[in-house]
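A short write-up of the structure that comes next.
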Amino acid sequence: MLSLMLFLPLAGGIFLLFFRNPRAIRGIALGASLLSLYVSIVVLGRFDLHGGMQLLESYSWIPAVGIAYRVGIDGLSLPLVLLTQLLSAVSIVYSWRVDMRLKEYMFLLLLLQTAMLGVFAALDFFLFYIFWEVTLVPMYFLIGIWGGPRKEYAAIKFFLFTLIGSLAMLVGILLLYFNAAPRTFDVLSLIQQQPLAGQLRLATIAFWGFFLSFAIKVPMWPFHTWLPDAHVEAPTAGSVILAGILLKLGTYGFVRYSLTLFPQVFQQYASLIAILALLGIIYGALVAMAQTDLKKLVAYSSVNHMGYVMLGVSAAAFAYGKPDLAPAATTALNGAVFEMIAHGVITGALFLIVGVIYDYRAHTRGVDEFGGLGAILPVYSGITMVAMLASLGLPALMGFVAEFLIFLGSFGVFPGFAATGLLGIIITAAMFLWTIQRIFLGPANPRWKGLADMDTRELVALVPLTVLMVIFGVYPRPLLDIINAAMTTLVAALR
Amino acid sequence: MQVGLNHYLAVSALLFGLGLYGILTRRNAVAILMGIELMLNAANINLVAFNRYVAPGALAGHVFALIIITLAACEAAVGLALVLAVYRNLETIHVDEINVMKW
Amino acid sequence: MGELAAFIILAIVTLLPAVVVVTSRNLVRAAMSLIPSFLGVTGLFVLLQAEFVAGIQILIYAGAIAVLILFVIMLTQGGTGTALRQVNEQQLVGGLVAGALTIALLGLLLRTPWPLVAGTLPRSNVAAVGGAFLTNFILAFEISSLVLLVSLVGALVIARREQ
Amino acid sequence: MTALAWLIPLLPFLAFGLIVFFGRRLPGQGASVAIGALLAAAVFSLLLFFRLLGGAEPIRSTINWLVLGQQPLALGIQVDALTAVMLLVVTVVGSMIFIYSVGYMHGDPRYPRFFAYLSLFAASMLLLVLADNFLFLYVGWELVGLCSYLLIGFWFERPAAARASLKAFITTRVGDVFFFAGILLVFFNLGTLGFGQTFEAVESGHLSGGLLTGIALLLFGGAIGKSAQVPLHVWLPDAMEGPTPVSALIHAATMVAAGVYMVARLFLIFFSSPDHTALAVVAWIGGISAFMAATIAVVQDDIKRVMAYSTISQLGYMMLGLGVLGYTAGVFHLMTHAFFKALLFLGAGSVIHAMHTNDIKQMGGLAKVMPSTYWTMLIGSLALAGIFPFAGFWSKDEILTEAWHNNPPLFYVGLVTSFITAFYVMRMMFYTFLGEPRWAPAHESSGHGQGTVVHPHESPRVMTGPLWFLAFFAAFIGFVGAPFLGSPFGRFVRFGEEAAVPFDLRIAVISTAVALAGMGVAAALYRWRWLSPAAVRRAFQPFSTWAERKYYFDDLYGWTVVRGTVWASRVLRVFDIYVIDGFVNLIGVVFVGLTRLYRVFDLYVVDGLVNLIGWGTKALGGVLRFVQTGRAENYLLVIAIGVILLIIGGLVR
């Protein structure tokens, strides 16, 4: 069942290579993606809330070395899988009007979808590493071919940055592999036997290896410079997926691997990582405020949001070993994972919104060149308003619930950092509202007089995301229970 | 004092040295041949002396000496034929002038 | 006692002409002094009771080879060119090397303890040699005859004047 | 009954949903849907009010909003005395304003959207009032902030409105962050968000001492932001950029009162902080805001700015009331203020609607032209000044008696402020309605008209109707708390068991005298012209310029916070590009340099070595060439030497 879901998009991708006329290609691409989405919904139906790791599939691949195709899903990866499916389907719908080399474009999107699903479902380090690397390739081409003016620079920078990180991770994986008693790559058994529990020095090296790779992906403060470039140059659908899901690979990695495999070391450095997260929050918001390019602004806001996630994760890490802080750690983790989903939906929508203005209408992303669009594009400004308000954490929208939980949790673990994090809320609010003001409010800019409002393609892409933001903002129970079950078991296992 | 093996060896060694000196210092090809003949005689002396003092049972030394003599004859004949041919072609038989084989 | 005196005389008769052969400026004198040296060697052979070998020595060496050398000297301006320098430039080095080698050989030969065996040679060693030739050394005998033939033909071919 | 309670906030919310999606096509372009929803809510709150009045138990109902770890987070709503009063205020005043704005916003291109925002505001305000836990309170709190942002910036074509809405949201957001920090602190200590559990913990002493004061002050930080108290009051005057019904509803009656309501709702926390430090802070901040805002109001020329500063001042009064342990007094003043301030704003709205200008210096003599507006606003002003029969007198008097008993210095501050209040409200009335008209009626040729060309007329019935309704309440709502009727309000809404401080005639007389004096001075300056206002301004020279410059708060914030953040963001942007990106590019350049270095190294060193060997062999060959002399005797010599060496070698070993 799970493998079917994983490889359906890829199968669709290969299948569409044999067709020539664009209508067929688009149909198959959307079909494959929707079918995979349907399968994942069936998986959701089958998913038993308190079952821990389910739908396990394991076929031996290279038995000599202990590598097997192990795939499974639990409360942490299921929401992310659903998010991937949703955003991929949305971005395929959005890129309906792409005409340059459509076949490769759709193939790359589907390949990317399979790779991302793989990363979330993989339970074998070798398989995880393969999918992790495979995600890079399509994104590199997406940026490199369909990108903006400086696309080569951005694509290469993106690729190299993440590659260096993943090499560091490889060191970590191998350290784990060689210290494991029966020499295996199986994540579950590695978590069981905690191979590096004893040697602190090795564990630290492995931890920093994993940290570098995930931190680049998140991106955390010092390693974030690839993100704005990659986003500015990436095509809209590309940056939707890049911001929507690829950033989550890093945080997912932190929660799934760093937290469970190196709890003592992570706890030691938790305060340092928290500081980096805080820097991400405040630094991201401030720099976003100074941006003139809308896409770069949203990119830096992602740095800001992922800072919150990392604040939650480092809070959970800091609470390792202190049983009384367990509830706070669970809340922080719940908040962090919920924020991942929330950020995925919201920033996905934001990038689509930027795309709507940029791709076929104004062809410029300068925030100051707009003004008074509120009157000209009512529907568009309505949806953007909702997305931006959700992003700055307005209650009754998805962003608030996540931030609320993160602060509830991290305040319990280290009040000092959480308090400074609160400062971030004001700056984020100021940044987004200033953007809204520069684009939508003020006198109607004559230059954009004739702009058409959103067409069906864009509406079909954006409306589901906006509806999701409101639903999960008002009543987050359904999504949160899945995450909560997984997080409670994870935190309990940590003790 | 009895004439022993060493005496003969001494004579043959001296004769051999003289022959060698002849070869190394003479410019004339024929003189060199003469030197060679002397060295061969020295060798014969040795052989016969060894036969007489070391292995009187069999005449191996004599046989060897005889073969050397015959070969010396052949060698002299061919050598001199060569010298004649060289003389006819290069009008000189001074060895140091014949350096056709120079690199 | 007489044997020692004979030995010494024969040694001198062998070595002195050899020195003349090697050093004389006049090529013909060198060639002519070659013969007494051969005769001295024949005497030594006689002392060593090797009559047959002595005979052959006289026959081939003194008789044939010396004459042959004289002929060649005569054919190649040998007689006339005595004024030319007969010695090449590496005379000094050659002498030294020859001396060194002689000393080395002497040192080598005299100091090695040869296994002397007392015994007498067979009476008439001609028959013995003839027998040895055709029994133990038949191969050497045949090959030397072949060599003789080849060198004979070779010498003729090389020395012949093309028409 | 609980279903009814849930319905109250949901109805306006549904109205909002309907209007957003089907705006134009709804009856009355969405207006009637909005008004209908709110009126229904008003009826329900009346029902609940009378049930509670009849001594019924407060209603409570909760839902499991989300589960964290094992323990679920139960959130819900409650209706007790305080909530019932607030429900009434919000729904009644709200519906009046809704009806009023049908006339006021008539013909606006985005008419349905205005009512959508108003309904959303009403829904979130009701949610805020009904909340029984910190989270719903905070959600309502933020949503109300959002609606004020949307409504202030409703005419977003005007850049001033856009900036004002941004300023409002950010400043309230600063307050909200303190509020959020307070909530986190509560949750951190108690693990629950419900008010009930929190009050139990406070009573049981589990939460006490400095921590409790800290929490109280943090929560009060939120109130300062929302109710525009001293440090964070700068946004309210600018919020006047929004349409007048908005100012009336949000920035006079309901939203700004949320801060006071929050302090009242969590009064136990403030009350039980050691020796009432929290309450003292509340009182003093209230006092300072009241006095300062009143002084600024005196020098304002824009009719709505005057009202705005008067609101800040009155809110300061309520905080002062609550601060001096006058729980009932504070809440009572909140209710009365809601009515007469809404009335004054709507009156000002109809004046602006007629005159198309806010500047009172360009009005005058409108009494005859707009009689009903004039009379209703007169009632409102008298109520605000606190003259005997009107509502303001009773509530302000109660606050002053409470202040007199618990915190005398604040009593004097209160007294002076009421003097200034009476002064500026009368000044506004004289400028607007009495005296000679400073505008030229339209039909005359505008040759000599020195004022603007305009033709003032009385507002349509749909606007004057609500004015009279509110005027009735402004006049008689006071009697609800009147002592000689046994202060029914005091018995209904009170904190703990001890009754409110008994009515003190002496204070009532003093306060009325001070109010009358204030009005007298205003009349002297503006009606009978004994003194010229310019002379008075010169007399109070240092203070009046301060007041005109609004105590330099705006410039202070402008310089420090706004310019600071913008500067910081610009510096960080440059830092980010040159330092971090620079570092990354540096690594790139370094590696390219290294690769070039390798190429050179490879070319010269490794290749060089290979060539060297080749060259070496050739050279050696050249040297050895001379050995091959071609002369036989040299070779013989070499052979001889070889033999000698061999012999020596053999001998030696």
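When the chains are written out, they are named A, B, C and D in that same order, and each has its own residue count from 1.
Here, contacts are C-beta pairs under 8 Å (C-beta built on N, C-alpha and C of every residue); 3 or more make two chains touch, one makes a residue touch a chain.
Everything quoted here is computed from the prediction, not taken from an experiment.
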| item | value |
| --- | --- |
| Chain occupying the middle, per Cα centroid | A |
| Chain pair, C-D or A-D, that carries the greater number of C-beta contacts | A-D |
| Length of the line joining the C-alpha centres of subunit C and subunit D, rounded to whole Å | 135 |
| Euclidean distance of C-alpha centroids - subunit A vs subunit D, Å | 33 |
| Inter-centroid spacing, subunit C versus subunit A (mean Cα positions, whole Å) | 107 |
| Between subunit B and subunit D, centroid-to-centroid distance (C-alpha), Å | 129 |
| Per-residue overlap in subunit D, given as positions that touch at least 2 other chains | 633, 637, 640 |
| For subunit C, residues that touch 2 or more chains besides their own | 88, 90, 93-94, 97-98, 101, 105 |
| All pairs of touching chains, each written as two labels joined by a dash | A-D, B-C, B-D, C-D |
| Contact set on subunit C toward subunit B in their complex | 3-4, 7, 11, 14-15, 18-19, 21-22, 27, 30-31, 34, 37-38, 41, 44-45, 47-50, 52-53, 56-57, 60-61, 64-65, 68-69, 71-73, 75-78, 84-91, 93-95, 97-99, 101-102, 105-106, 109-110, 114-122, 125, 128-129, 132-133, 136-137, 140, 144, 147-148, 150-152, 154-159, 161 |
| Subunit D-facing residues of subunit A, complex | 157, 161, 222, 224-226, 283, 286-291, 326-328, 330-331, 334, 372, 374-375, 389, 394-396, 400-401, 404-405, 407-408, 411-412, 415, 418-419, 422-423, 425-427, 429-430, 433-434, 437, 440-444, 475-477, 480-481, 484, 487-488, 491 |
| Partner subunit C, residues of subunit D touching it in the complex | 633-634, 637, 640-641, 643-644, 647-648, 651 |
| Touching residues on subunit B, where the partner in the complex is subunit D | 20, 23-25, 32, 95-96, 98-103 |
| Complex contact set, residues of subunit B against subunit C | 1-11, 13-28, 30-31, 33-35, 37-38, 41, 44-45, 48-63, 65-67, 69-78, 80-85, 87-88, 93-96 |
